[in-house]
Amino acid sequence: MDISPVFFYLFAGLALGCSLLVVLKKNPVASAFNLVMVFFAFAGIYAMLDAHLIAALQVLVYAGAIMVLFLFVIMLLNADVPSFDLQRSHPGARVVAGLLCAVLLLAFVWAFKNSPSPVEPGQFSASRIEAAGGNTRVVSELLFSEYILPFELTSVLLLGAIVGAVAIAKRKQKVGAGGGVK
Amino acid sequence: MAWLDSHLLTTTLFLPLVWAIFGLMIPTGTPGGRATLRTWTLLGSIATFALSLLIYQRYDAAGAEFQLAEAIDWLPALGISYQVGMDGISLWLFLLTTFLMPVAILSSYQAIEHREREYYFLLLFLETAMLGAFVALDVFLFYVFWELLLIPMYFLIGIWGGKDRIYAAMKFFLYTLVGSLLMLVAIFYLAYQHKVQFGSYSTTLIDLYRLRLPGEGYASAQSLLFLAFALAFAIKVPLFPLHTWLPDAHVQAPTAGSVILAAVLLKMGGYGFMRFAFPLFPQAVLLYQVHFLALGAIAIVYGAWVAMVQPDIKKLVAYSSVSHMGYVVIGLFSLNPVAAMGSYYQMLNHGISTGALFLLVGMIYERRHTREISAFGGITRVMPLFAVAFMIVTLSSIALPGTNGFIGEFLILLGTWQASRATAVVAALGVIFGAVYMLWMFQRVMFGPVNHKENESLKDLSFRELAVLIPMIVAIFAMGVFPNFFFSKLDPSISRFLERSTGAALKVEAASAPATAVYAAKGE
Amino acid sequence: MEALTTIRPELLTLTDGQLQALMPYFLVFGGISLAIIASVLRSLKPKWPVFILGMLTTIAGICSASGLLGSQAGSELIFNGMMVSDAYSNFFNIVFLASAAFTLLSSFRYLDHEQLQHPEYYVLVLFSALGMMLMASALDLIVLFIALELMSLSVYVLVGFRRADRRCNEAAMKYFILGSAASAILLYGSALLYGMTGSTNIRDILAFVQAHPQGLPVVYVLGAWLVLVGFLFKVATVPFHMWMPDVYEGAPTPVTGFMTTGLKAAAFAAFVRVLISAGYGKGLVTAVQSHFHDILWVSAVLTMLVGNIVALTQVNLKRMLAYSSIAHSGYILVGMIAGPGSEQGYAPVVMYLVAYAVMNLGAFVVLTILAGRDDSGLNLQDLAGLSRRHPWLSFAMGVFMFSMAGIPPTAGFAAKYLLFYSAVQANEIPLVIIAVLCSAISVYYYLRVLVYIYMRDPAGSPAASRVSVWSLVAVSAMVVLTLQIGILPAKMVSAAKKAVTSL
Amino acid sequence: MIQQVEPWVVLSFCAAIFFIGFAGVLIRRNILVVLMCIELMLNAVNLTFVTFSKELQHLGGQMSVLFIITVAAAESAVGLALVIAMFRTLRGVDTDQIRLLRE
Amino acid sequence: MIALIPLFPLIGFLINGSWYAFVQAAPGRRKAGSGITGAIATMAILGSFVVSCLLFLQLQGLPPESRVLEQTLFPWMTFAGFKLDMAFRLDSLSTLFTLVVSGVGTLIHIYSIGYMSHDATPGKFFAYLNLFCFAMLMLVLGASLPILFLGWEGVGLCSYLLIGYWYSDPEKASAGKKAFVVNRVGDFGFLLGMFLIFTAFGTLDFEALRSAIVHGGHAALPEGVAVTTVTAICLLLFVGCMGKSAQIPLYVWLPDAMAGPTPVSALIHAATMVTSGIYMVARLNFLYSLSPTAMAVVAAVGGVTAFFAATIAITQKDIKKVLAYSTVSQLGYMFLACGVGAFTAGVFHVITHAFFKALLFLGAGSVIHGMHEEQDIMKMGGLRAKMPVTFATFALGWLAICGIPPFSGFFSKDEILWLAFSSEHGSVLLWGLGALTAVMTAFYMTRLFTLTFLGKPRFSEAHGEKHGHGHGHGDDHSHGHAPAGVHESPFSMTGPLQVLALLSLIGGFMGIPHMSWLEHWLAPVIPAHQATGHVAAEMEWVLMGVSVAGAALGIFLAIRLYADLELPRQFATKWAGLYRVLFNKWYVDELYERTLVRPIHALSQGLWKNFDVAVIDRIVLSFGRASQWSGQTVRTIQTGSIQFYALVLLIGIVLSVGYLIYGLA
């Protein structure tokens, strides 16, 4: 793959380290900041992989919106509870979980290494995308043609999520009777 | 009328259910309403009996194998159809059911005091299910009715039963169900085999009779399928050692429930063997003949022995059923006409005589609210009519010649002797022990001085109770003296049953089935 | 170097057939929009308009879907083949919408009593129904994922709808975390499939599998398996079932009913499509096929065993039905395993889902009626002597319990024999034997419910229960359906068959 | 010096992040952190998509990522709402606190 | 016509039975009086007797070889592979039995009218009696073994019902049950014998069977049937006879059967039912004669039973028990006769025995009736004066059974003894056993006679007030009149006694040696006995003398011994052990109780509690318990912890992925 090993390993190392810290740091705020670092590292890798739009969205949506939401909630709740830094779960469970994840990871790595993609490369080579007006343009065109359905659906999903989040998180309110219909 | 002619069986079959649904609409708040309900239900069962007599009249023993047949597609994709028909084997069990139903209903008039509407509904519902099982010519349809009748019986035991009724109802339901589920799998396999061999799915009995399944050895298809069927039927019969649900169910069930259970439900086991297990898997039958003969013989003696020491009359009768139904099993597995006829007859006999015994026990239970043998003694003096009836039924139960019981046991033993002498000898021991436990019980209940004050003032049988018992007693003697009346309609069907159950098998191993072969030569 | 064609004009218009095929979805979404508007209108104090709107929406959706089911000849690919409207999806659309409709019917009085009468409830039920519909019609893994999330997110909220109740919160939280993790796993699987086949379209994936009869890379197998795990989680088969009892117990009763029927049906509906597209029984090389088969086999056995055995020990009806729901997933899994090998294909699965939805919904409607404040009073003892108080409800419960136990003449029996029949055809005889034995175990706990209802005397004075006309209509409809499918299954079987042949 | 990064390396890296996330779900008691770990898993999936997209020269992967990001946002919104609701009744965000429903 | 013979009693039974069930038994209506019911019953059996006589005359008019009348009523059990008609056959053998049964039966019915006059439920009694006659007539008239069996079990039933007639006494009820059960043991053998016959010969009809075996007057084994089969058949059938005719080892029920009313003892347990075993053996003589082994066994069992029962009879104190053991002993004689091939002699003895034993029993009944239910002979004595008619008739019966010429018993007994000695199946041993028994018979009968009628009364006149056991149980059997002294019985009872006495006196003349009418008459059924070549003809007279002398000796000893009761008492103390053994009937009942009844009962109890409930049912329940237990266990993994749930999910993935990779790698 025509990406620079140096930068890749740099970002990958950063992402790996930070994600480990996300898991291992006791303080949720620390975890959150580490997560932001992971997001940034990912954005870098996206950019190297010619996914420019996604790299931008990664920063905007993930690091910008989602993480802010997280921090906001942490702050919201943290005010009430003194010991927010929770212990990690049972040490035995930790070992087992780590071990199992490691085993799985090994299996996957083995699998990745041993299965070359059997598919011929498609028409969207980097040069052709460039010719067609760049990644963002092509992606946007696809979004409104071939991918119109998922696009519309995500909007429905967002609507639903809003209704749901409102229903669940709003302050307790006086409930009106159903009334009228028996 | 023309419609009735072509749908006689279906009409008879579903008449009780429809009748019962109308019965649900009768308000039972007042005594008058309750009486109306009872009369309505009784009329329904009598109407069914009348229709079944019409069926009897239409049935021609010399005619086609299955008569009055009806067939409607039910689930054509799977080859399942609604198919009913009547042959001799169905006929008498069908009549037995319709005959006993009015008796059972009449016997419940006083015993059932609460939730009568549900009770009578369930009884008639049960009748439909039982009748359906006896006339179904589609294996799957049979299975449906077979399971269907668990529902009303479950409630009858569970709601109107004795102290441990819930335990008993549950045990009855689960035990029977577990046995029959494997049969369901076997039915599917048969239908599948029909597809393999003839190109279409079918669960129609006559189609399945044509199947040729490998039958060599214990691991063969026939053997396994037979076991699946046999498990269901053996539990229902019930064959030792699968009998332990019976004492509980019998003891806890209300009188009518016990009567139906003993008289009809147990017969389904024997009927199933005759209609399905034997003709479908002739080679497997030969394979397991020895085992089942042994188990049947054990059941006879074992049931009698255990019955002997029961302190509870109903339990005693329940174990006696184990013993009596053991005869049915050995008779069937003897695979010759005499024993087969005897077996079938024994089923009818057991229906009448054990049914009557349960009625009698119920009557005395209604008076004394106990069934402990030790609570009685000298009842003959206070209830002489009851004593007469009890004596007659007891005699029928111990197979005294002249009563129905003798014909069955005699033929079974005679036939079994041809097939396996050891079995016949052990089974004949049951003749002795049968007399021991019945007469001992009779003696303790009916003879001796009246030891308990409560028994001094027992009322003798009422007119209603006589009306319940007299048909049974008449049946006992009629069947004992004129068995040929019954045989004449049965004979061709039994012959066909044997042809199917042995014919194919004989071809395969003509040499190694001497009992049957010799018999067939001698019988003609 | 030729230019990229990114915008194909034919994708920007919809034909008449496509528009018609989208009708149910439009109707439901329109209903949702109206309901949202109605619920935010301050002036609209009483909540019944939203309820009525919801009912009308579902009914309209059912009508248009059944119209399509009747009229549509083949299948209609829409939006660049990302979704399809065929007999299968329309059949399931009816199931989902009916399930939603009956949930709404039974919920109205319930919400009143629980003081939860928020309009969002109805909106969310409709949202999840829409998600289910899309799940059954999605032909693209990404669309499938979004639909799944649409359904799940709404249901997460519904589960936690009684916000002041700890148990409710707990259930929602558990469901959310485990559900999200499972979604991530599913998604990861999709990514791997995409990487190996170059497409997220499940028809393309199937075509790819069939084009490579000599074998597929390991990653493909892993990806396919992870996607399946995602669905196995949703349908709760062992060992992915752990969330289910807790969630079912904690959720408000009508929501539990909705989950056991709609959600489960949706998960299975999509599961069938994905399983086929993964090449199961349709082009996988023998080794992989047999391995998938083995794993599913073990999972099915474990599911049936664990579900039934643990249900035996439960005293809370909702929890008991949760375990029973696990067990039923096991039976359906038997049908899935047998599907490729039998002449019936996946029709028994579809049939079973319908039957299960009917009887389970019925049972939950009854429970909804009987539930006391905060879903208390749903233990077995609370049912003692119910037959005196509510003969009709008791009878209905009896029908549903017998149906779940698979006793004739009920829908459960018809569905079960169809399922086992097809498994026998597929020569899965040991599996069938285990299944029937497990269903024998199940009879015990179903019948125990009836023991309490019919055979025990009431203990103490029962709490007043809230029988409403709506609930009674729902219960009666379910009783009639249960018996009708049980006695005359042919129609339903042919419908199910028609549905699966369009796959 | 290696001039090229093999695709399997990138994919393995994604898998590593994915399983780190999964492990985090397993071992963290703070629900907020658990939610973060789920985000981590989703990110790993995204990167996998993009990697394949690059390798296959096919934009489907990138398209998928767009939607996944949106869905993830919606999911976190609902998830955090649930956390808030839970916090209101339990006064805590400890997973060990929510063990009322069991067996 | 033949069917009329059993039909009459059946009608009588139905009338009396319904009368009892629907009129007498109705609560509050205790109608006493045996007049009407007794008359109905007597008319019924008298009708049978008349028909029997007519048929006898008809038979006599036929040539000997065709003296068979048949009537088929209806097919009983007929279907493919099996055929059995409800058919009657009257030949020279069965006609004798019908005459005896209906004749003696009529007398006993008449007697019963008097004897049961104070009974509470005479309708029931006479219904049973009629039913018995019906069954007994079926037994002798049946054309095939199953019909014979029908009667066979029918008489057993009546025996059961009548022994337990006074059911309020648990001992009497038990005695009835014992009789039935012991008979069932015999029937077990009977049934198996029947099955073996059917297997071997393919028929159960007597005539068909006979024609399969007898060709030209000679019995010969048909093709394909082994001697051992025939032996087995004969022995199995003989087991049935052991039960019904009270032979060792199944005789134990008969003494207990004396619990029934005395007319019942006379009719059933002396004259008719108990001889049905002999009837059957005689009926199947062609079969028995094929098997020397079976013959030997029959003879040996008969001889030993005769002797054995006689030893017990010597010590018994109950008048009916003595007679009962005497009956067992006499039945042994009859089997001894059959066993040595002297079937005619056996039948002859059946007839004479019917006369004199019925007489003796009825006489004893008269005594008991007169003594107000006293049955202990030690408490009697000197009744000669009080009951002259009874005394006189009883004396005739006594002489007959002792074998004093020319009373009937002499002829039959002498013929048996002679043939036991001379026939090819006989031996000196058998003869010795018979002769010894004859002496003992004379001894104990004389003892009985002496203690009852001779000597001084050993009871007080007021004795009548003390009701004996077997009497006075509530309403069942109470005397209506005030206790009076010992009295002679009414004419309805003494009348039959006189007729029977006459028969005992002259009955023997039908079988005078060498000019026996009986032998000629029976020749079509029982081939005339072959000349006895190996014994000199003079021996017959010698043996006759010996046996008469023996009888005289017995009588003499008994009279000497029991003139004074002190002497027997001394004997009893001197031979205390032997006396106790004899008095307790060789402890046979106790032996059965210990070796059969109790072990089986204990076994049953054990099977029920320790096997049925504790093993089988527990296995059944353990499936449920195991499910429940595993459910309890499995549910504990549902810990409620999210992390744990996720861990299980992960484990599932690891395992499945591992399996997949293992499969692919």
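For reference, chains read A, B, C, D and E in written order, and residue numbers begin at 1 within each chain.
Following the convention adopted for this analysis, contacts are C-beta pairs under 8 Å (C-beta built on N, C-alpha and C of every residue); 3 or more make two chains touch, one makes a residue touch a chain.
Every value quoted in this text rests on a predicted model; they were computed, and no experiment measured them.
In terms of the distance between Cα centroids, chain B is separated most widely from A. Among the inter-chain contacts, the highest number of C-beta pairs connects A-D. Relative to chain D, the chain whose mean Cα position lies farthest away is E. In this view the innermost chain, defined by its CA centroid being closest to the centroid of all protein CA atoms, is B. We define each chain's centre as the mean of its Cα atoms; on that basis chain A and chain E are separated by 102 Å. One finds 26 Å separating the Cα centroids of chain C and chain D. Averaged Cα coordinates give chain B a centre that lies 43 Å from the centre of chain C. Averaging C-alpha coordinates per chain places the centre of chain D 97 Å away from that of chain E.
Counting partner chains per residue, chain D shows two or more touched chains at residues 11, 21-22, 25-27, 29, 34-35, 51-52, 55-56, 58, 63, 67, 71, 74-75, 78, 81-83, 85, 95-96, 98-102.
Across the assembly, chain E contributes 624, 635, 638, 640, 642-644, 646-647, 650-651, 653, 657, 661 as residues in contact with two or more other chains. Shared interface positions of chain B, i.e. residues touching 2 or more other chains, are given as 174.
Chains touching one another, given as pairs, are A-C, A-D, A-E, B-C, B-E, C-D, C-E, D-E.
Residues 89, 93, 96-97, 100-101, 103-104, 107, 110-111 of chain A touch chain E in their complex.
Within the complex formed with chain C, the chain A residues making contact are 107-108, 110-112, 114-119, 122-124, 127-129, 131-132, 138, 141-142, 144-150, 153-154, 156-157, 159-161, 163-168, 172, 175-182.
The touching residues of chain B, when paired with chain C in their complex, are 73-78, 140, 144, 147-148, 150-151, 154-155, 158-159, 165-166, 169-170, 173-174, 177-178, 181-182, 184-185, 188-189, 191-192, 195. For chain A in complex with chain D, the touching residues are 1-5, 8-9, 12, 15-16, 19-20, 22-23, 28, 31-32, 35, 38-39, 42, 45-46, 49-51, 53-54, 57-58, 61-62, 65-66, 69-70, 73-74, 76-77, 80-81, 84-89, 93-94, 97-98, 101-102, 104-105, 108-109, 112-113, 117, 119, 121-126, 129, 135, 138-139, 142-143, 146-147, 150-151, 154, 157-158, 160-162, 164-166, 168-169.
The part of chain D that touches chain C in the complex is made up of residues 11, 18, 21-22, 25, 31, 34-35, 38, 41-42, 44-45, 48-49, 51-52, 55-56, 58, 60-61, 63-64, 67-68, 71, 74-75, 78-79, 81-83, 85-86, 88-90, 95, 98-102.
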